[in-house]
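In the two complexes that follow, subunit A is the common piece, with subunit B as its partner first and subunit C second.
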Partner chain A sequence: MDASQQMSPEIAVEVRGLSVEFPTANGPARAVTDVSLSVARGERLAIVGESGSGKSVLSLALMGIVGGSGTITGGEVWLQGQDLLALRPEQLRRARGRDIAMVFQDPGTSLNPVISIEAQIVAPLRRHLGLSRAAARERALQLLAETGLPDPARTLAAFPHQLSGGMRQRVMIAMAVACEPTVLLADEPTTALDVTIQAQIVDLLSRLSSERGSAVVFVTHDMGLVARFADRIAVMYAGRIVESGPVLDVFAAPQHPYTRGLLASIPAVDGPLPDRLTQIDGSPPPLTELPAGCAFVDRCPSALPQCSSSQPALTERRPGQVAACWATATIDVSHREAVSA
Partner chain B sequence: MLRYAGRRITAMIPALLVIIVLVFALLRMIPGDPAVFIGGENIGPEALQALRERLGLAAPLPQQFLDYLASLARFDLGRSLHTQLPVTSIIGNAITLTATIAITSTVLGLLISVPLGVVAAYSKSKGRNRGDGALMAVVMVLDNVPSFWLSLLLMLGLSYGLGLFPISGAVSWSDPGAMAARLALPVIVLAIGQVAALTRVTRSAVVETLGRDYVRTARAMGTPEPTILFRHALPNAALPIITMTGLSFGRLLAGTVIVEAIFSIPGIGTQLIQAITGRDYPVVQGLILVYALIFLTINVVTDVVYTRVDPRVRLA
Partner chain C sequence: MTTTEHDLEIELDPKPVHDRPLLEVMGLTKHFTVGRGRTRAVVRAVDGLDLTIRRGDTVGIVGESGCGKTTTGRVLAGLESPTGGEIVVDGRQRVDESTRASRRDLRSLRRRIQMIFQDPLASLDPRIPVGESIVEALATQRIGTPQERRARAVALLQRVGLSAAMADRYPAEFSGGQRQRIGIARALAVGPDLVIADEPTSALDVSVRAQVVNLMRDLRDDLGVAFLFISHDMATVRYLCDEVVVMYLGRVMERAPREALFAEPKHPYTQALLAAVPVPDPVREAQRERVVLSGDLPSPVAPPPGCRFSTRCPLATDLCRTTEPELTPLPGGRAAACHYV
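Now for the complex of A and B:
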């Protein structure tokens, strides 16, 4: 699976050096720092990390959206031969919803309560694809049917408060895939839903995106979901990607101590339940006071003297797998042998 | 909906009863005898007594009150003590003028305030605090301009100075153009009186909705900014704006009394002042009852309008 994607690297979106800052009373909070990543067509990338690691901010910044008073301080987002962040606001607006679309976390608050579902789905179809009112309605009905909603016509006439959470998220997904975007972003699309609905929604997202060949960037902290859904994983810590690679490789041989901690904190389904779940001691540094070196140094079990003074770069550890860590870089060879043995 | 309105109207009855009793009692506590106003200072005691009997003011107060209630039950508001005209026809003639002024100035007020509030909110949400600050400063100045002073200023500038609007002369619907010119200044003054409160409410409500998730969704779907503001954010901010419009309509009615007097427009405000000065009990009672009815009706209308704007609001 990984090999085939290596062979057909038709890049859907490429991010270079993206940084986002929010002004605070204590100076700028660097929510995202120098993030680079690329996703191929049809590929699914999961971005994981704890709360506040910058994964949601990153996903929004991919479409040039930053909440509140934040600003994108640098970087490029290349999509279909153009840098989204260099576009004029009007061109960027046209790309949103058409070339790059997003499924949000909480379908209860992400749909407009005073606008009918029909108007909310039809508007982008008419705007981006130039469909007539009737054609857009027809398309909306078809999209809702594809999401498995039992009565698309009734759903279309409804207002968001008349639908359940799962139904709303299906509507949200129908909206997001409506214009067959090159890149589909999903920010914890199942967090606000019942566990029974979660699997259905993930399957739906996965089916609709692969039918349309969209690249999917998927933000979550649910490792189970990552294993089930994603091809590649990117681990974020304090605004940076600290490790990324094919999901199975990263799960089998995590190269960054933070990734190891993250994976170790998940209890195994089989085997005895531990008395206490493994946790990573301490907490991430405040985003206003990021250290010169690695942000994980204070919590790291294998920190070296150079870690606190010098920022480690992402280096390739195995084909397609990169990590930013001084400690594991030095024992790279032995580790690789241990893994392959 | 009809059942709801019916129930709300029934619920007005106790409030109206209280108002009827209070106005009846208060009016008669004001010093001054209507018979003296009508008969003149030099009227003799017998003639005065005869006049009082003819006007129905000689009977004991409880008797007068019961008679008043009985005629109210027949929807008869009585006749003016001075002109003997039926109170209903006095009110009927005057109220169309006042209603025209009040409704037009409310619409004008909304047409000014809502865009101002939306623009201020938008500037604020984009971090352009200077634009927001400037707008709100203008609004604060408007808020503190007394309506009588503004009326005089506009009269001086626009009527005497530029000769744009007549400030006296006949008020008649037979010439709509002249009527519009005649009512323009009072409408402008009253509209400006509404702008401050309505703009503030619009601004804060829109600022709040612009921070909501569904606005972010609209933006992520490539919705143009004007559509986001007026189609996505504003309807969600409508409830407080409607509430404030209702409240401010009440204040506006009070304002019409002053403005009608200044621009000598024979609306219900002017009638009320004349009736109070002449102790014309039936006319005052009738007018206050009408004011009370308008206030109470506005509340019901406000609630019904909610349901038209926000599908989540259901009347029970």
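Now for the complex of A and C:
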């Protein structure tokens, strides 16, 4: 349309106003509420947040998948200009693996325990890339080697239970990057990996995004990994994005009290040892009983009266950085210099 | 958190009068045979491991994915039998359960050494309320009367920061961090001397992780339970452990008191491992020099001759490639297996 739109980077995947619910005995559990985000080609977005805050549900929804009895109660998912939620099942199946691929959170349960790794990895390679069996096997061996697996041939012949946790995780990663998808979703892809292998996986994903222009969305609890790899970070709490922005800005000047608590809880590998690790006391409200106001209010050190009655919207704090918090909305412009310096 | 350890009679046996270590492991091996016929191979998952744990100590095991950490934990917990070596508990040789199937001995071992896993759901029955799970663990060990079991289950749940009312809820109704605390409560119920924790915090977000780590520290201080903490999270290991053991390809490369290991790693593998830890600071991450280990990745099916790390060690010489170094004691209560330290 206009010049500004032409200049904006090509959007790989975009979510608008997405909400997902699961029915429970106590009423609907609102796992994801009104989430919007977009990821450009070649961009790396990290999603962090409390356990149970909806990170996995959101990333599955980006694939058009809703687990169990859940339903998408609102919103849209656009993958390279196609409305993913409107695709027919066979179109969706074709898109998965080729346009959008996912490393699932739990490699223990997402690999089939009674089928050899070879059968699980070679089939999708043949289906999506039309390779012969021998060529697919060659490609599989090469991919496994790229993820730092010591003997790819043994890994191919093995069944999942014969591999260590980190070996299974790398098999999942190899399967997901196999077709060089436009969008790669990785749900805690490195939790089972030691730091040297993790560094190798980060290199692999970096190459995928910089050389192939893949958008990489990854969910992680590892703030070191976020610092090393991501361009942007989105922080979730009780089903909503409560803060997002460039990694440098959010680390330098977190605007949401939850983000601040999260960053303060990280133990360091160097420097003096604290007597106790900082923790955020308490736990989030049940998703069936979300309050009218901010869901963090009971645990928030800076809560104001209005926080319990009215939901704060995401407001821009600095170019590209938004946060949903009444208490910090009006203060704190002081960090800008610190960041740009 | 209100502490209730006074009404919690955790110690069931009288303390031993001798001061032998709680657990001594010498030359432990666990080999798996995989494939058959021409593809038959032996995976040397644990291949000559030495380890000592004193009462009330917290020992960390770190090391590359696939180096045998989980296998070590499973063998020590009696979930798998070793293929060689000695395990001495409280100065008493552990009977091999496959040859002398002394049920009582095995039951007592299972009580004294408990294991918790990364995914607490895997060890909690989804159809049973969590309080009932703890009661069952006590019943299996024939501890207490039914009323006592129930009271103890509730006291334990309170001890790990949950409420009595939560005893009647099912595992699915808890968050990841809460489930992990339930797993810890259940492991502690039977009054173990040692809890082997295999990546217990890697699925948790940093603030919940801090809650669980703080809890483990309190329990160690209050109850004198020893922990063997298997983790890839070097910062948490540094915070929690008294001593750290670094494994590579089925063996111990280095063992040292926490401070010494992090301040002055001696073994080249430990140095590489610490250098690869990402720091949770995007500014420092961007400036950091990355040390990437290169060279051939060795396989536990055919460990390299000489030092196991020699194929990737930047300092390796001909001696390293031909002669395997012993784990040699060094001043300061530490030991390393390297010809050049």
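Note that the second predicted complex is superposed on the first by the 291 of 341 C-alpha atoms of A that agree within 3 Å, B and C clash if a C-alpha of one lies under 4 Å from a C-alpha of the other, contacts with A are read in each partner's own complex, and residues count from 1 in each chain.
The rule is simple: a residue touches a chain if its C-beta (ideal position, glycine included) is under 8 Å from a C-beta of that chain, and two chains touch if they have at least 3 such contacts.
In this text, all values refer to a predicted model and were calculated from it rather than measured experimentally.
**Q** First (subunit B), second (subunit C), both or neither: which does A:Ile115 touch?
**A** Only subunit B is touched by A:Ile115; subunit C is not.
**Q** Would you mind checking which one, subunit B or subunit C, touches more residues on subunit A?
**A** After superposition, C is the partner touching more of subunit A.
**Q** Give one of first, second, both or neither to describe whether A:Val247 is in contact with subunit B, with subunit C, with both, or with none.
**A** A:Val247 contacts subunit C only, not subunit B.
**Q** Counting only touches as set out at the top, which of subunit B and subunit C does A:Leu225 meet: first, second, both, neither?
**A** Touch status of A:Leu225: second partner only.
**Q** In the overlay, answer first, second, both or neither for which of subunit B and subunit C A:Ser51 touches.
**A** Touch partner of A:Ser51: subunit C, not subunit B.
**Q** Go through the superposed model and pick first if A:Gln142 touches only subunit B, second if only subunit C, both, or neither.
**A** Neither partner.
**Q** Using the touch definition from the top, say if A:Gln279 reaches subunit B (first), subunit C (second), both or neither.
**A** Only subunit C is touched by A:Gln279; subunit B is not.
**Q** So in the superposed three-chain picture, is A:Asp194 touching just subunit B, just subunit C, both, or none of them (first/second/both/neither)?
**A** Once the two structures are laid over each other on A, A:Asp194 reaches subunit C alone.
**Q** Name the contact category of A:Ser302: first (subunit B only), second (subunit C only), both, or neither.
**A** So A:Ser302 meets neither subunit B nor subunit C here.
**Q** Quick one: is A:Asp106 in contact with subunit B, with subunit C, with both, or with neither? Answer first, second, both or neither.
**A** Both partners, subunit B and subunit C.
**Q** Let me check the overlay on chain A: which residues of subunit A are in contact with subunit B and also with subunit C?
**A** In subunit A, residues 106 are touched by subunit B and also by subunit C.
**Q** Considering only the defined contacts, which subunit B positions touch subunit A in the complex?
**A** Residue positions touching the partner: 127, 212-214, 216-225, 227, 231-232, 235-236, 238, 309-312.
**Q** Of all residues in subunit A, which touch subunit C in the complex?
**A** Touch residues, subunit A against subunit C: 48-52, 106, 108, 148-151, 154, 157-158, 162-167, 169-170, 188, 191-200, 203, 221-228, 247-248, 251-252, 261-263, 265-270, 273-274, 276-281, 283-284.
**Q** Taking the touch rule as given, give the residues of subunit A at its contact with subunit B in the complex, in rising order.
**A** Residues of subunit A touching subunit B: 60, 63, 65, 67, 69, 93-98, 101-102, 104, 106, 109-116, 123-124, 127-128, 159, 161, 172, 175.
**Q** Mind pulling up the subunit C residues that touch subunit A in the complex?
**A** Per the touch definition, subunit C meets subunit A at residues 32, 34-35, 39, 41, 43, 62-66, 70, 118-119, 122, 175-178, 199, 202-211, 213-214, 217, 232, 234-236, 238-239, 262, 272-274, 276-285, 290, 292-293, 297-301.
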